[in-house]
């Protein structure tokens, strides 16, 4: 991984950030109504509205607002949330941590479960495992999160059998066990779609490796089936598997938005929907920026992991 | 179990073996009643064209058949033990220890994420129960035996860090590691360039003498087989049509198919070239042509100054006289195809092209008149024709583009073109996927000549065809050249074929011209060492030429 | 225990109201026990604690616990003393003098003085500071502190209901130091209320703890109150039923029966004046013609709306924005669902084959679009072909509210008839959107607010209400009930019809 | 077509698709009741003889609403995808054919648009256009464009290096002829396959927008909206949530299976 490639990737990330912020700024500002109107709601007399707009700085020309905001970001100050009257960094910060807990757990569960599942389906091609996983993967990818979430709520968190709490959050630092019970259903919802998709991809990658010349050569060398799978097939399927997972991180970050809304998980997703409904521009900007950076970094990290797993891959 | 003593008992006996594949279109017989036997120290060659079933035989012997394959009958005995009866456990124990294999493509047959050393030691530790240290030193010795210069370093390298030749040596070392009774060689040199292939053949002969191992050598190249094999079986559509001692079979082939294979072998002495051109004024000359594939970007130049631009070919100058056939010979990566792309404006180039007196100094300068007079035919028949168009419309396109023929006569002209390349006129309404490789290449040639060009560039047009089809394609090209008076630049890696067709030959290596000479001066002593090496590397059978019969319809 | 109807009581104005805080005795079990933490679940975010401008349903209980006001509306919808022990009004209702309770301190220990009251009201009346209470206090001319504990208000025009206005939810008394840092008000609290703010995490929880030196002895009973946010109704309901929370602030009509019927839970249904209204802009066709408005009034099946939308938890209304509970409210004649009558009126008004018109409904709260959908069904038979157009709330606020010809409004209950009419129907009303300009009506309202004579005010407001019914400026199909629920261990949890005052200091938990 | 039916995926896909498409085309006409009609006595009932799939909170017949909602949900998915496919293909082909600097610039912009998760990107555009079915359709279409452009570009690039295209360029064919007659006919295959699979994704996003209240607005019978409206009554009549959920899943699965079968028919080598 030589220097020029790394610099080019980082420059690309910065360019993307610029595009994202301009786009978000343009989008949220062209709409009718603004944060002040939303705060006052039906108490918005003309006089009240003008006062609040002045207080929130919404009366300044668009371009001035944008460059003030950018100069703030460069200094690390993301500005104040229009609706919540709190520094955006604080509001988005705590939400970010909660969302990363959710995304992290979902990603871990997905990786631990879907890779072996996919491998099993590929190795035992044509058997009941294969078709079973095939059906699971098709059903999984066809259920939107809000349907899965609602069904899980009805099944596991209804008053009839409250196995899991129906949403809500517990601080992992204070009581990790309680936190896990709260996180169980959201992680399951997020994970289901991903597991279905990734196990199918791993299955097709593994099948290709199993039909490769070098696996055939390994078998003809008389190596035990276990060694052929563990030493020749799996290592070479890891790189494409990681590539598939990194592609789905975007889907995961999107899915968070819906799952947090349903399970009352105080994360970025829910904050974003609240900010969008209330035209809270600085918060929308901050969240979009954070999600885009997380997405770009995860792609970069997965590229590094792939380079580590597959010696052929050189970035130059 | 017959009582012949171990020495005379054959290592491998295939007795009346047949098998078939179940496919969507029903059951297809791949091997019909195949019998052969190989004794210790003997090398038995299986010769046949693609689709003859020779590779299927290799998988049958190693019992590594896909799920849709079924044994129909007969036996395969390894030292009189029936392989068909072996259990999976017995097979895993036997493979690598008593039976090994060397593959056609070394770069895809090695695990990309494992060092070369580990891929040799794992066989030793599996079958000869060696400790890791013993295995490592034994592996190093095995690599050294295959002539690899620095075996210790090679042990730690990954496959992508070694050349094609080095990888094939590692595979050979792995195969010989446990002194197996039988090794199957499945076209081990096809994927390598001629010189490296030659070295691998030498290595094979040495190791065979040393170990006395029985070898089954599968190949489509009769010339090569004549250098390595003691006995031979000729396979045609799954059947052994001829078998016996190699010398006698090649000297007096009994079966028509064998005769045709031998006849199709290009021999420099069987000259096919049209009459040499009289005038010396060139039709086209390339002056100092250079093609650059990669120029480092500003950023890379800033950070890694040592990266340099990479050229496909540089300082190339040669000329072609009207009606002449100029042979351009070189290995893959020598830049010969790059010149073809430059000459047809498919890739920007430096330097000048002078055609029929007119000067062109860049790819964009090549105007329509030039493009009509200079046509190109490519190597892969499958890729040359647009799968979505009928053969008739493909052939009609040049006629319409250069409006050579009034609209009404186009259909008639297309029929004439098809006959010109010995294809029935009703092929006009067919689609490319309904034709064989040879037939598709003929349509591509017909399309080139449809434009009534003055120069046709043939970029390895015979490389992906079977030997027998190659011969007829070469003869067709020469006939069309004679009839149309067009000049031709014939690009190939097959020196014998080019010596049959060309008036002059240009030898290229690493993007530069080694030398150029008249075809008849090839055997001169003052040839450049690289050219001499090329000539020696390709053995020529000393059979007298036999007139070729018409092509067997199946192709 | 449900408060079905509240009996109306007149408070004699003119005399210093000296009655102490109404000690509401409950036929509940046993003596109140102090201690414990009350957990209240709610589904809308507590976006800010700034008492001057907040308006969220979950935000009102917070400032009711954290702050006090001069006066406070009781469960009888009448103003009661709070920080002001007593007040005296001049006969012509242009001057009011409030005497503050002695020995009251803010949460930070600083004493409450008249100067704090004056500073608070000057902030509310300051045009540069956004304040929701301005519309009901704009008649105040000057506010002066006569001495440490007395404040005098002089009004620019007579206004008998000032004690109702000083009880406005957003008229909390702030300390002078708090008023210097306005943005600080969003997150920091220094009030005089029964509870002090401990943690404020708008995404999850607002926790308030007991204020030991609250000016009412022996209150509050609770050690702490936690407001827990559940944006998703299903999650909120499940947590409440499973006992994680003690009180569910607002219960949806759809779930009320099921929740109230669950073991260990008591549902409370309080009639209130919250209403949905159909706004018909009368400066253009066809709504300028009163017959068309009357025809639409006949095209609405009010009982069906109550049964289907409110699951019966509400009362049909007959096109008056004045809630029955309000002082001087008169009984309104029923308007039956009469499609033929409506069709005849339309024909008479020149629309023989009915009217097609677009009705706009914002998507929040959902009751707006639901009302529109049900009206579409019933009005079709009466010759009204309604095309329902739903849109996000922000687009509605910006483009349609007070501009569009025909849309659904949704308003909470106001404390007095004067406040109710001045909000919407008088020509200079704060949020006038019907363009129904009637001088006679304006004069009546002006007169109503300037006399303190009970009988006179009753006559004036009765006449105003008959005028409203005659002209039908709005179609008001029903009044919603306020629905809340609490576990059996939570005692004397109540919600006022106006749902701004909660008296959580009186709530106590069984041990 | 034969090859598509040969695999089990293909058969399942075709069956599901026929059900869904018949519902989408003839739904409103074969619905037993008017989807907006109230049966106020039969509110929130499970499946019964009169109402085969039960009723919602206003007593409206769920089967009629599903059939009536089919066109808006399914055609939404197809409309949004075809919008994304057309725009994406045009951009992808331009990038693929032009190559060099234009290709670089277009790819950077696409990377910018793909930097955000697709649902987030759609949410932003929907708030930009304001809620509503048409706006949601436009938003999903725009959100799909970068993904489709990338696929179109790679399809074009893989075809551009084929020798029959090089032969055409060598012959001196015009660029537009090469694109229309040689490149596109052969690149369209993978594009259509990807488009079919993306329709299921578009339907799910459309339903999610409906669920969040940013897509179709009441009284529409869009399935996502139906689920969100029924959630309030889920413990009194779970069918209100389950039935639209199953309908969405069936449609998405139908397109997924059919898309995979189509992909296998085009290049069997990559079959699963």
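When the chains are written out, they are named A, B, C and D in that same order, and each has its own residue count from 1.
Rule of thumb we're sticking to: a residue touches a chain if its C-beta (ideal position, glycine included) is under 8 Å from a C-beta of that chain, and two chains touch if they have at least 3 such contacts.
Model, not experiment: these values are computed from the prediction.
Contact with both chain C and chain D is made by A.
Looking at A-B and B-D, the interface holding more C-beta pairs in contact is that of A-B. At the far end from chain A, in terms of centres built from Cα atoms, lies B.
Between chain B and chain C the centroid-to-centroid distance comes to 89 Å (mean Cα coordinates, whole Å).
With centres taken as mean Cα positions, chain D sits 47 Å from chain B. Centre to centre, using the average C-alpha position, chain A and chain C are separated by 42 Å.
Shown for chain A are the residues in touch with two or more other chains, namely 31-32, 150, 153, 158-159, 261.
In chain C, the residues that reach two or more other chains under the touch definition are 234, 237, 392, 395. Chain D has residues 130, 231, 234-235 in contact with two or more other chains. All chain pairs that touch, listed by label, are A-B, A-C, A-D, B-D, C-D. Taken together, the chain C residues at the contact with chain A in this complex read 45, 47-48, 50, 53, 55, 127-132, 134-135, 182-183, 186-187, 201-204, 228-232, 234-239, 241-242, 244, 262, 392-395, 397-399, 401, 411, 430-431.
Of all residues in chain D, those touching chain B in their complex are 6, 162-164, 166-167, 169-173, 181-182, 185-186.
Touching chain D in their complex are the following residues of chain C: 233-234, 237, 252, 254-255, 258, 304, 307-308, 363, 366, 369-370, 373-374, 376-377, 388-392, 395. The residues of chain D lying in touch with chain C in their complex are 36-38, 40, 43, 57-59, 130-132, 213-214, 217-219, 231-236.
Of all residues in chain A, those touching chain D in their complex are 12, 15-16, 19-20, 23-24, 27-28, 30-32, 134, 138-139, 141-147, 150-151, 153-154, 158-159, 200, 203-204, 207, 250-255, 257-258, 261, 272-273, 276, 284, 288, 291-292, 295-296.
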